[in-house]
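As structure tokens, here come the structures.
Here subunit A shows up in two complexes: once beside subunit B, once beside subunit C.
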Partner chain A sequence: MIEFFRKQAYLIDFTMSSLLRRKGKNFGLLLVYTLIVFMLASVMLFSHSLRKEAGIILQQSPEIIVQRLVAGRHALIPAEYIQKMGRLRGVTSKKGRLWGYFYNPVVKANYTVMAPDHLDLSTTEVIIGAGIARTIGLGIGDYFTMRSNNDTFSFQVKDIIERNSELVTTDLVLISPKAYRVITGIPEGQFTDIVLSVRNPREVRKVAEKLVQKLPDIRPVLREEILRTYDSIFAWRQGIVFVLLIGALLAFVIFAWDKASGLSAEEKREIGILKAVGWESADILHMKFWEGIIISLSAFMLGYLAAYLHVFYSSAVLFESVLKGWATLYPQFKLVPFIDGLQIATLFFFTIFPYVVATIIPIWKASVTDPDAIMR
Partner chain B sequence: MFLSPAILALILVSAVISLMLILASGFAIQVLQKWNINSGSELQLNLERRTYLISTLLIWAFASELISLMLFIYNAESMSGQFVGAMCATGVLNVNEWGWPTLFLKIAIFFSGTIWLALNYLDNKGFDYPLVRVKYLLLLLIVPMVITEFYMQTRYFMEMNPDVITSCCGSLFSVDAKGVASEVSSLTPRQAIIAMYGSGLLLMLSGTWYLLRNKGGLLFSLFGLTAFITAIMSIISYISLYIYEHPHHHCPFCILKSGHDYAGYTLYIPLFLATSLALAAGTISYWKKIPSLNSSVAVYAPKLVYLALIFFNIFYILATWWVWQSNLTMESIWQ
Partner chain C sequence: MLISLSDINKVFNQGKHNEFHAIRDISLHIEAGKVTCLKGSSGSGKTTLLSMIGCLSRPTSGRITLENKILSGLPERFLTDIRRHTFGFIFQKFNLLQGLSVLENVMLPAYPLGLNHKDLKASAQKLISHFGLDRVMNNPVEWLSGGESQRVAICRALINDPQILIADEPTANLDTRLSQEFMGLLDELRKTGKTILITSHDPIVFNSPVVDRIVEMQDGQIMES
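And then the complex of A and B:
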């Protein structure tokens, strides 16, 4: 056993020195290889973290959102619907929500306005998201203005929402329910939608089913359905980018094939000499195998590391707009680093696997050549 | 159909491996017809040279097959959020009728691959390549498996229909119509315990018998395979219950998750390793009568048996330990 390892160690040693003898060629290959890994890994890390982030955020959202439909469109829901629902087994709380969007023509952006009843806000106070504060340049104590039909309302900024939840709160405006009704003109006794909390996840579907039977004009939106949709959308976007990158991958495979098959005269002579001094075909194959491993692993690690830095420290500047979507009040956020086996195995199959497949045949051709045929 | 990178990778790998093996099978047919070690013809020389290429190709193909097996399970695990009623990999494999067959084929290909590689290794030790025909005949048997796997896997992924919200105004509430069964049917724990430890005992006995008398290698392999099957059944039937500490959760995949201390890896890695070693040991030991292989068999077969026994023991100890340290008590229920 020890002999085996020793032999491999000598082979690696020899391979390293032979690689370094042809710096230009090998660094060229390494560079292209690293770039391929970098691109694919960036896309994967980025969209994977977005998926995770969406999942984490939705963990706190209510299990069921009930919306009322009028002629197939979302309409305000009367407060008596909460009574109409009656007691539903498994539902721990029912609450009407007031929220909507507000377009500000000055900054050309949409705010999400919410009127939570658990916050102790007076009618003239407001809490705003960090994105709004940044765009308009507001601080705590400043005045924030919203224009409705004819009137203009001013609110004093009581607080700015912390940065760590910026992905969802960047464009958020929190005001008191009373002020919300005045600005939007929604009468008392009406809500935007109703949210239900259900303790046991297995009962969610049953509760939704009962709701639809009781109140035919509503539509329940389940948290798990939203999560599922996010999951597939991000997976799909990632897939699209990968399909686009397959062209680059193919180019890389051809490049690797070419590099491996176009052995220079010097390399051929080297193999000839090695065989003449007693190396077997299997030894040459081993050496070439180590060469492939060394190049692949360095490219993989360098590429992955670069992608990691690119995604988690520079917020993926290169792919951001494709994968994340785009908006004026876009949140600035740092993603939580997240790596898993699935990503690494997938990446392996997209980079190292094609490289190996492309180089096996040329390498074999080189290894079985007769020494005298080369050196003659 | 989904377009996620992991699925693209799995399909890509299956396609490439199938291509590689078709390439190799063309060569295998040539070997079966024209191999003649005593001839010095150019054809024979070419064939001998090409064996290097084929064995390198196959080592890579089978190694990739192993990684793709893992990726397949990881992928099923990660997609569980995208189907109504699927809680983990089991649910995703149940999404259509191709899921489980694909998984079983992948496992079968992995074990066939280890047998082939063992045969190949042994063959290369003999100066006259005595097993070359056997080896390539076996390869021709593996090729249809790999192609079927490619077909099944592609069907599996193509026929997946995600339950997602298509747009904000679409119909949002989809009633769980078909319902994905999330549990695997299972043996009663008593039968499983008897089967697992019984087959383990038989395995130990046959292994020791082989080490002492140099006989019964194939029997050892057979017991190894039985032990593998009973072990998987036991994991589903009762070991997983103790790991989850939940009397009705039988899933063989959730134990791979971090929430259960990655217990699955401590069971599956020794088990798969031990089984492939046992299969390799049996395969090798069968050829001891061939003069040019005699000495190699005498060296390698006992080593493999020894290692297989060690890993099987590790598996049994760990399996027992997971059950023993668990807080779940089922005594009065199972009798």
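And then the complex of A and C:
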């Protein structure tokens, strides 16, 4: 057994010196390979972390949102619907919400305006998301203006929403319910929607079914559905980037195939020498296997490490405009590192396995021929 | 008798329009502990014969035995094992691996054996010292002169302590002085009990007193033995 390990150590040693003998070619290959792994891993890490991040933040959102539909479209919901719902088993709270969108033509950005009743906001105060503060250049104490119904309303910025939730709060504007009704013209006794908290997650679907039975003109939106939507949006964006990367991938495949399969006359001669001095075909295959492993594993580790630093320490500067998906109000935040074993395994399989195979096949062909060519 | 060849034929591109008979019905016995020279002009078939004896290729027909063990027809794996332990090769163009040091080149044939690194290195260093190459031991082989390259090739051939040394046109790339020096080294090896098989059309080799027997070849056949 020890002889086997010693033999492998000799083969690795020889492989390393062989790689160093063709420094330029091999470093070039390593660089391109690392770059490909870096790009793929960046997209995977970034999308995965975004989905996780959004999921964690949305965990705090209500389990059920009840919307009223008129002719199939979302309409305001009267406050008496809360009473009409009656007592529902498992529902711990029912509350009407006021919220909507506001377009600011000056900065060409859409804000999400919400009017929570639990915040101690006067009618002239506002809390804004960090993206808005950054885009307009506002700080606490400055004035934030919204135009509606030919009137202009000014609010003093009381606070800016903390950064760790910036992914979903970058465009958020929080004002008092009273101010919201004045700006939008929504009368008292009407809400945008009603939110329900359900203690047991397994009861959520049942509660939603009961709601629809009691109030046929409403549509319950479950939190898990929102999470699923976020998931598919980020997955879709990841797909777009992957499509864009296909060109680069193809170029790499051609490069790697050429490098791996096109044995030079010098390499063929070396295989002949090794066989003539007593190496078996299997020894040569082992040696080339180690060569493939050394190159691809180094590229994988370097690329993955670079991608990790890129995504979690530089906020994925190369991909954020596509993957984060905001048009004007780009959120700035540091993602909490999430690493998924399956994702690493997938990337590992698709980057290392094909290269090692592409390296071994042509060598196998060369190594099974008689070594007497070296005598000529 | 160490090696025996009976009715050996080697045909290249058999069945094709460019079919070529390199060796025709050769039978030969090679004695242990002697220096045998296969003499002949270029294309006479000596290298082809040598490569079959050294298990680098197989005959198309006929039988090669090594100490009563039949070599012809053995699977590649067994041939390699015999080649590794029984034969040491010195090639015409030395065939050292460029970019590797003298020491690495000498150690190379022993890598697949998985020997203790310290012991292997010590044996290689001993051989290198014996052939006066200490000074260049860690130099890449492309820095060496022709004579030095050949001595490295000899060290490499000896690293697994083979019973038989095979040298194909060993003086083809050497001047007269170096050729004579090489024959001196062969004499030394013969005295240690090695069997040496050499191909050459160089008079320095076949006229040398070191050579015990000359086998003359022409057109793939033995003319005189």
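Basically, the second predicted complex is superposed on the first by the 355 of 376 C-alpha atoms of A that agree within 3 Å, B and C clash if a C-alpha of one lies under 4 Å from a C-alpha of the other, contacts with A are read in each partner's own complex, and residues count from 1 in each chain.
Simple rule for what comes next: a residue touches a chain if its C-beta (ideal position, glycine included) is under 8 Å from a C-beta of that chain, and two chains touch if they have at least 3 such contacts.
For clarity, every value in this text was computed on a predicted model and none was experimentally measured.
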Identify whether subunit B and subunit C fit side by side or clash on subunit A in the overlaid structures.
fit
Please tell me which partner, subunit B or subunit C, touches more residues of subunit A.
B
With subunit A at the apex, figure out the C-alpha centre angle toward subunit B and subunit C and round it to a multiple of 10 degrees.
50
Quick one: classify A:S264 as touching subunit B (first), subunit C (second), both or neither.
neither
Once chain A of both complexes is superposed, is A:K7 in touch with subunit B (first), subunit C (second), both, or neither?
second
Output check: A:S61 vs subunit B and subunit C. Expected answer is one of first, second, both, neither. What do you get?
neither
Which holds for A:R219: it touches subunit B only (first), subunit C only (second), both, or neither?
first
According to the stated criteria, A:W279 is in contact with first (subunit B), second (subunit C), both, or neither; which is it?
second
Subunit B versus subunit C as contact partner of A:F349, first or second or both or neither:
first
Touching A:S314, do we find subunit B (first), subunit C (second), both, or neither?
neither
Subunit B to subunit C: minimum CA distance in the overlay, Å?
5
Common ground on subunit A, meaning residues reached by subunit C in one complex and by subunit B in the other
281-282, 368
Using the touch definition from the top, list the residues of subunit A that touch subunit C in their complex.
2-7, 9-11, 14, 17-18, 20-21, 269-270, 273-283, 368, 370-372, 374-376
Subunit A partner contacts - residues on subunit B that touch it in the complex
2-10, 12-13, 16, 20, 49, 52-53, 56-57, 60, 64, 67-68, 70-71, 74-75, 77-78, 81-84, 162-165, 169, 172-176
Which positions of subunit A touch subunit B when the two form their complex?
40, 43-44, 55, 72-73, 205, 208-209, 212, 219-222, 224-229, 231-233, 235-236, 238-240, 242-243, 281-282, 285, 289, 340-342, 345-346, 348-350, 353-354, 356-357, 360-361, 364, 367-368
Can you list the subunit C residues touching subunit A in their complex?
47-48, 50-51, 56-58, 76-77, 80-81, 83-85, 89, 91-92, 95, 97-100, 104, 108-109, 111-117, 156, 160, 168
